[in-house]
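When the chains are written out, they are named A, B, C, D, E, F, G and H in that same order, and each has its own residue count from 1.
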C-alpha cells in the first residue's frame, strides 16, 4: 500500500490508527532473522533484488535463492563459486552457472532483450568483469554488444569496431593496468561511458587503484566510474540508462 | 566529410589522393598555435567545446572565447575568476558571470530547457559545485530541479522533497565530508545517480578523498562517480542521460 | 505533530488526506532558500543547531545567527574568524568571541553547568582544539576540567593530575604529533575516552593522519576517535555521555 | 593497597622503606615469564582482562585462560579459532564457542544484563563484527538489542526499527563498504553512536579504510569511531556508557 | 597496405569504396574470439607480440602460442608457471623454460645478439626480475652484460665492475628495498639508466612502492622508471635504445 | 687525470704518494663552501652541470652562474623566477628568460641542433613542463618537434601529426589529469617514449600522482617515467637517447 | 628528592603522609597556566628543555624564554622566525639568530665542544635542516664536522671526505629527493647513522615521504630514521651517542 | 691492502700500474656467481656478514653458510624457516634454531657479552621481533635485558622495571598497534631509544604503517626508527651504540 492508500483507509476507518502506524513503519520487507529481504525493491527501483553470493553461508544462500525464486520466477546471483553452483543445482536443477563471470542464475524463459549497450575491454584479462556487466544487463532485459581486447596499445583494433560502439545507448569501458580505454572512448562517443576499473595488472597498480584514479581524472567528458571490478554495478547502471533511452 | 564521403570523392576523382590523405589526417580542428580547437566536437559528441578558464593566460582566454563565440553564438566557461569576467566583459559586454558556480557564459537567447534532472546537495557548502553542475546542464538545454541542503544528518529534509527527485531522469548527488547522500539517494530512486564528491570538510577528508571512496564503495545500485568537485562533468553526463530519455 | 497525532486528526477528519500527506512529508524544518534550518533538531537530539562559520557568506551567517537567536535566545558558532565576529557584533553587541577556540556565541544567562568531563591536551599547541571541545561542552551545560600540556614526553605532569581525570564522567584526549596520550589515558581511567587527533606537528604527521591512526589503533580499551581537529564533535559527544551519567 | 595506605604503613613502621618501594613499584600484575597479567585491571577500570586469542601459542592460551578463570570464575576470549575451542574445551568442558563472532567464553551463571544498547548492521556480512560487539557487551552485563541488515540501500528497514534504537543508551553502528549507516543513525538518535567500520566490501574499500574515513568524516554529531572490525572495542565502550547511564 | 596505397587503389578503381572502408578499419589484427592478436605489431613497432602467461587459461595459452609460432617461428612468454611449461611442452617439445625469470620461449636458431646493455641488481633477491629483463633483451637480439649483487651497502663491488657498465648503450638498474642503486648508477654513467623497482623487501617497502618513489625522485639525471617488477618492460625499452645506438 | 695517469706519475716518481692519495680523493670538484660544483661532470657524463634555481639564495645563484659561465661559456638554469632573471641580468645582460618554461640561460652562439625528438602534450596546461623538456634538449644540442594539445579526448588531432612523431628518435609524452597520452603513443611508435606526468588537474589527481600511476602501469611497451613535472629530466634523457641514435 | 628519599623522610616523620603524597605527585614541573615547564628534564635526561618557537604566541614565547634563561643561563629555540628574533632581542640583546637553521639562542660562554659527530647533506638545499642538527648538537656540547653537498649524483665528492666521516662517533645523513645518501653512508662507516629525510624535492617526493621510505627501507645496517626535516631530533640523538662514546 | 699501501708498492715498483689498478678496483669481495660475499665487511664495519635466509634457494643458503663459517667460525642467519634449519643441520649438526625469533646460528664458544642494552615490548605478540633484536645483539657480543609486555594500557608494569631500563646504554622499544611505547620510553630515559614498529595489530594498522608513523612523529626526544619488524637492524644499531659506550 502506498502512503496515500494507507491514509485513505484510516480516513475511511477501515484501518485503525495503530495498524496504520504499524503499516507505515513495517512496510515492504521480509524479516528472515539473519537478513531483511527487500521485496519492495522491484517496485521501488524497477530491479529485483540480487544475491551477492561471495561468503554467504550455504544455508542462507539456499533460503534466499528459494525465496527470491518464488517471488519472481527468476534469480540472479553474482560472485558465485563452483561449490555454490553445485549446492544450488541440487535443489534447482535448472540453474545456470558461468565460471568466467561467476554468475549463477535462473532466467525466466522468453525474456526479450531490447535497446543496445556496448561492453568494451582493454585486454582479455578484463573479460570476467566485463561478462559480469554484460550478463547483468542481459538479465535485466538489455541487448549487449561485446567488444573485447581493444586496449590502447593497439588502437586500430578499437577503431575497426567504432561504429558498433557509437550506436549504443551507453558504453561500459572495462580496463585494468592504466585504464586509459575509458578516456579514449569518452572522446569518441556521444553517449554516457561507464568506466569500470579492474584489479588486473601488477606492481604499482595497487589492486585497481591506478585504473580508478585514471578514470576519475579522465580529461574526456561523459564518463563516470563505479568501484574496482564492479561489473554488476556497471551492468545495472547501463540498464537504467538503456531503459531511459527506450522511454521506459 | 565522413570517411565514406571522402572515399567517394576520391573514386569520382573530385579529390586527389594527396588531398584526401590530408583531409583524413587533418580533419576538424583549428590550429591556434598554443591550442588545437576541437571544432568538430559538437558534431561528434553533441556538445560544443567548453573553456576551462582556470590559469588560462588572458590573451589565450580571449582568443578562444572569441573563436567559439563566432562558431556557435554562445560560449560556456567554467572555473572563471572575477578578474577573467572583467577581462571578457570588456570585449563581450553581454557576458554573464555567477560568482558562486564561477561560470562565465554567453547563452543563445530563447534556448529551451527540456526533460528533468535533479541536483541535490548534502550541505550549503556544496552549492558551488552543484551550481556548476546545474548551470552546465541548463546551458546544454536541460531543465533542472535544485534540492539543496538535504544531507543525512537531518534526513526528513530529504524525504519531504523525494517526489521531485524521483521524477527526474537523472539525479546528481553532490556531497563532501562523508558523502553518504549518494548512497541514500541510490536506495530511493530508480534512475541513475551521478555522485559528485566535494572537497568540503576538514581533517581526514583529505580534500575530497573520503567522499570519493564513500561514493565509489556505495552499497546502493545505480550510482557512478565523477572527479572531486567536478560539477561540470556531472552536468554534462546528466545532460547525456536526459537527452537519451527524451529520445534525442 | 507526531505521526500518531497526524493519523488521529485524519481519523477525526480534521485533516484531509492531502494535508496529512503534506505534513508527514514537510515536517519540521525551515526553508531559507540557501539552507534548510533543522529547527526540530533540539527536540530530536537534545541539542540546538550550531553554526559552522568557516566560509559562510556574511549575509547567510547573519541571517542564520538571527534566526537561531530568535528561536533559542542563544547561539553557538564554531570556526569563526575575527572578521565574522566584527560582523555579528554590529547586530548583536552582546556576542562573545574567543580567538583561541574561534568560538562565537551568545549564551543564555544563568545556565548551570553540571556533571564533569575532563579535557586533556598533550601539548600547548593542541589547546585551540581542546578549547573548542571544552567551550562546546560548557555551552551545552557540562562542567569541564581542563588539564593541558600533559603529554607523554613528561609523564609525571599527567600523573599529578590523575585524580581529577579519574573523577570525570568522560575524558577528552586531544593530541597531535604521535597522539600517544589517548592510549595512556585509556589505560588509566574507567570512563570513556574520546580521542581527538590534531593536525599539530610536522614532517610525517601528514596533517593529523599520524595521530588519527595512532588513536584508532590504540591498544587500550574504552577509546573512540573523532575527526582530526574536531573539538566540537568531541565536546558534543562528551556532553551526551555526561548527560547519560546524570540520568538526563 | 592504595598509595595513601602504603605511606601510612611506612609512617607506622609496619612496612620498611625497601618493602614500600617494592610495593609501589611491583603492584598488581602477575609475571608469567612471557606475559604480565594485568590482575589489577578490574579494580582500576571495572573490566576484567580479556584474551585476544588470535595467534596465541596453545600453551600460553591455556595457561592464561586457567589463570583468569581462577581469578574471576569466568573468562572472555575473542578472535578464537575452532581449533583453540577444541584445545580449551579439553580442559574446560563448560567453555562455549560461537563460530560467528569467534567468541570463546565461560560466563558466570546468573549474570544479570541491565540497561540497553542497540547494535545495528548495514548488511548481513557485518554480523560477525556486530556479534563480537554484542556478546562482549553482554559478557560485561549489558542488555543488547540487535537490529541487523538495515543499511542505507533500503532505508525503510531502518525506520521500522527506529523506536527500539532511539531507546538505547548507546548505539553501535557496524558497517562496511561505504559505511553510511553511522551518519544516518547519528542524525536520528540523541544518544552516542559508536561507529565500527568493517572490512566487508571489495575494490576501493581497501580493507575497511573507506568505511573508516566515511565514519570519521561524518556530518552528523555524536559519533566516534573505533578500529576496523573492532567489535570488542565497541562493545566495551558501549558498556562503559551504559553503566554511566545506570549510575554505575 | 598503407593509407596512401589504399587510396590509390580506390582512385584506380581496383578497390571499391566499401572494401577500402573495410580495409582502413579492420587492418592488421586477427580476431580469435576471446582476443585480438595484434599481428601488425612487429611491422609497427619492430617487436613481435609477446604472451603474458600469468592467469591465461590453458586453452587460450596454447592457441595463442601456436598462432604466434606459426607467424614468426619463435615465441616469447613471460610470467609462466612450471605447469604452463609442462602444458606447452606437450605440444612444442623444443620449448625452453627458466624457473628464475619464469620465461618460456622458443627462440629462432642462430639469432645474433648485438650492441651491449648492462643489467645490474642491488641484491641476489632482485635476480628474477633482472633475468626477465636480460632474457627479454636477448630474445630481441641484444647482447647483455649481467652485473648482480652490487648494491650500495658494499659499494666497492659496484666500482670494480664500473668499466663494463660504462661501456653499455643502456643500463638497467634493478633494486628493491630502498632502490638507491639507480641513483648511484645515474651519477656514474653517461648512458640512459632504466630503473626497475622490485617488490623485494619487507616492512615499509609496501610491495615496491618505496623503491618506486626513490627511483622517480632520483637526484641523478638520465634515469627513467618502469613498473614494479617489470623486467620485461625494461628489457624491451633497453632493446629500443640499443637498436638506436646501432643505427637500426 | 685518470686513475691510470695518476698511477703512472707515481711510478715515475713525479708525484709523491701523499699527493697521489690527495689527488685520487679530491679529484674533480670545486669546493665553494656552501656547494661542491661538479666540474668533472661534463667529462664524466657528457653534460655540463645545470642550476636548479628554485629557492637558491641570490648570492649563491650569482656565484654559481658566474663559475659555470667561466667554465663553459654557457649556462642553463631551470625553475627560475622573474626576480632571479632580473638579478642575473644585472650581471649578465645577455641572459635569456622564458616565463613559460622558467628557463634562464646563456647559450653559446652557433650551436647546432641535430637528430630529432618529439615533445607532445595532452593539453595546453601541460606546455610549461613540455617547454622545460624541449628547451633543455635544445640546449644540449637536440632538434625538437613540438606537438602540443593532442590529448585523448580528441584523438584525431594526434593522428594528423603521427608521421612527425614516428620519425623522432625519442618521444616525450607530457600529460596531467589521467595521463593516457603516454599509453596511446606507446602503442603507435617504435622508439622509446619518456612519459612525464604533470600536476595539471584537480580533485583526485593528487598533484600528479594519478598521472604518475597511469604512466607507470601503462599496458603499452617502450615507456619509462620520470618524476612529476620533471621536464628537465625528460629533456636530458631524450638527449642521451638522441645522441646514441646519432652514434655519439 | 628521589622516591627513596621521600619514603625515608616519611619514616623519620619529617614529612607528613599528605605532604609525601603531594610530593610524589607534583614533582618537578612548573605550572605556567598555558604550559607546564618540565624543569626536572635536565636532571632526568641530561638535556635542558628547548623551545619549539613555531606558532608560539609572543607573550608565551617571551615568558618561557625568560623562565628557562633564569633556570640555566642559556636557552635554545628552534624554528624561530625573524620576527620572533626581534621580539626576544628587545628583552635579551645578547640573543643570537641564524636565519638558515632558524635557531635562536643564548649560549653560556666558554662551553666546550667535545667528541665528534659528522653532519652530511646530499645537496645544498638540505643545509637548513643539517644546520639545525649541527647547531643543536653544538649547543649540547658536541663537536661537529660539516660535510655538505656530497649526494650520490657525484659520489667522488663524498669519497674525498670519507676519512673525516669515518672518524666520527655518529653520522647524521640529511637528504631529500630520493634520500639515497643514508644507505651509501651506512655501507661505508662502522658507527651509527642517523638519517634525516628532508622535504626538499618536488613531484612525487610528497613532502619528504619518498626520502623517509627510502631511509626506513635501507639495505645498509646501522641506520635509524627521525622525522622529516627533524634536524633538532637528529642533533639531540647524535649528542646522546657522542656522550656515550665519551663515557658520559 | 689500504689505498696508501697499494700506492707505496707502485712507487717501489713491486706492483705494476695494471695490477694496482686491478687491486684498487677489485678489492675485497668474493665472487660467488649468484652473489658477491662482502668479506671485507667485518674489517670495514666491525660486523661480519649475516644471512637473510628468507626465500634463499637451498643450495645458495648452504654455500653461503659454509663460506661464512669457514671465514669466521660462526654464522648468524635471520628469518630462517624450520625447513631451512633441517637443511643446514644436516651439514652443520651444531647449528641452533629458535622458532620464535627465527634465528639460525652457530655461535663461537666462550663469547663474552658486555655492556647493557634493554629490549622492551608493548605486548606478547611483539616478542618475535624483540627476540630477533636481542639475539642479534647477543651474537655481536652485547649483554641484553629483556623487559616484555610493558605496553601503555597498563603502565604500572613498565614503571616497576624502570630502573633496569634506565641503566641500559641503549633501549630498543618494540611495539605494534599504536606504538606509543617508544614515546613513553623516550620521556623516561636519557639514553638513545631505537624504536621498532611491528606489524602486530589489525584493522587500520596497515601492516605496521600506523606504528611507524607514531614512532617517527614522537614528541619525545632521543628516538630513531628502523623498518617495520626489523629486529635485526635494531639489534645491530644497539650494538654499535653499546660498543661506543664501552670505548670500543
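Everything that follows uses one rule, which is that contacts are C-beta pairs under 8 Å (C-beta built on N, C-alpha and C of every residue); 3 or more make two chains touch, one makes a residue touch a chain.
Computed from a prediction, not measured in an experiment: that's the story for all the values here.
J.: So which chains count as neighbours of both chain B and chain F?
T.: For chain B paired with chain F, the chains in contact with each are A, E, in label order.
J.: Given the two chain pairs A-F and F-H, which is bridged by the higher number of C-beta pairs in contact?
T.: Higher C-beta contact count between the two pairs: A-F.
J.: Please pick, from C-H, B-F or A-F, the pair whose interface repeats that of D-H, with more than half of the contact pairs identical by residue number.
T.: The same interface as D-H is formed by B-F.
J.: Of the other chains, whose C-alpha centre is the longest way from the centre of chain A?
T.: Here the answer is chain G, farthest from chain A.
J.: How many angstrom between the C-alpha centroids of chain D and chain B?
T.: That gives a centre separation of 49 Å.
J.: What is the distance in Å between the mean C-alpha positions of chain C and chain E?
T.: 58
J.: So what's the Cα centroid distance for chain E and chain H, whole Å?
T.: Inter-chain centre distance comes to 38 Å.
J.: Please output the residue numbers of chain A that touch at least 2 other chains, ranges allowed.
T.: Correct list: 153-154, 188, 203-205, 209, 212, 216-218, 221, 227-228.
J.: Where do chains touch, given as pairs?
T.: Here the touching pairs of chains are A-B, A-C, A-D, A-E, A-F, B-C, B-D, B-E, B-F, C-D, C-G, C-H, D-G, D-H, E-F, E-G, E-H, F-G, F-H, G-H.
J.: Flag every residue of chain E that touches chain B in the complex, lowest number first.
T.: Within the complex, chain E touches chain B at residues 3-4, 7-8, 10-11, 13, 17, 20-21, 24.
J.: Could you please specify the touching residues of chain C with respect to chain D in the complex?
T.: Answer in residue numbers: 44-47, 169-170, 188-192, 194-195, 212, 216-218, 221-228, 233-234, 236-237, 240-241, 244-245, 247.
J.: Taking the complex as given, what residues does chain B use to touch chain C?
T.: Checking each residue of chain B against chain C gives 124-125, 127, 148-150, 153-154, 156-157, 159-160, 162-163, 202-205.
J.: Give the list of chain B residues in touch with chain D in this complex.
T.: Per the stated touch rule, the residues are 122-123, 151-155, 177-180, 183-184, 186-188, 201, 203-206, 209-211, 213-221.
J.: Within the complex, which stretch of chain A touches chain D?
T.: 25-29, 34-36, 38, 40-41, 54-55, 60, 197, 199, 208-209, 212, 227-230
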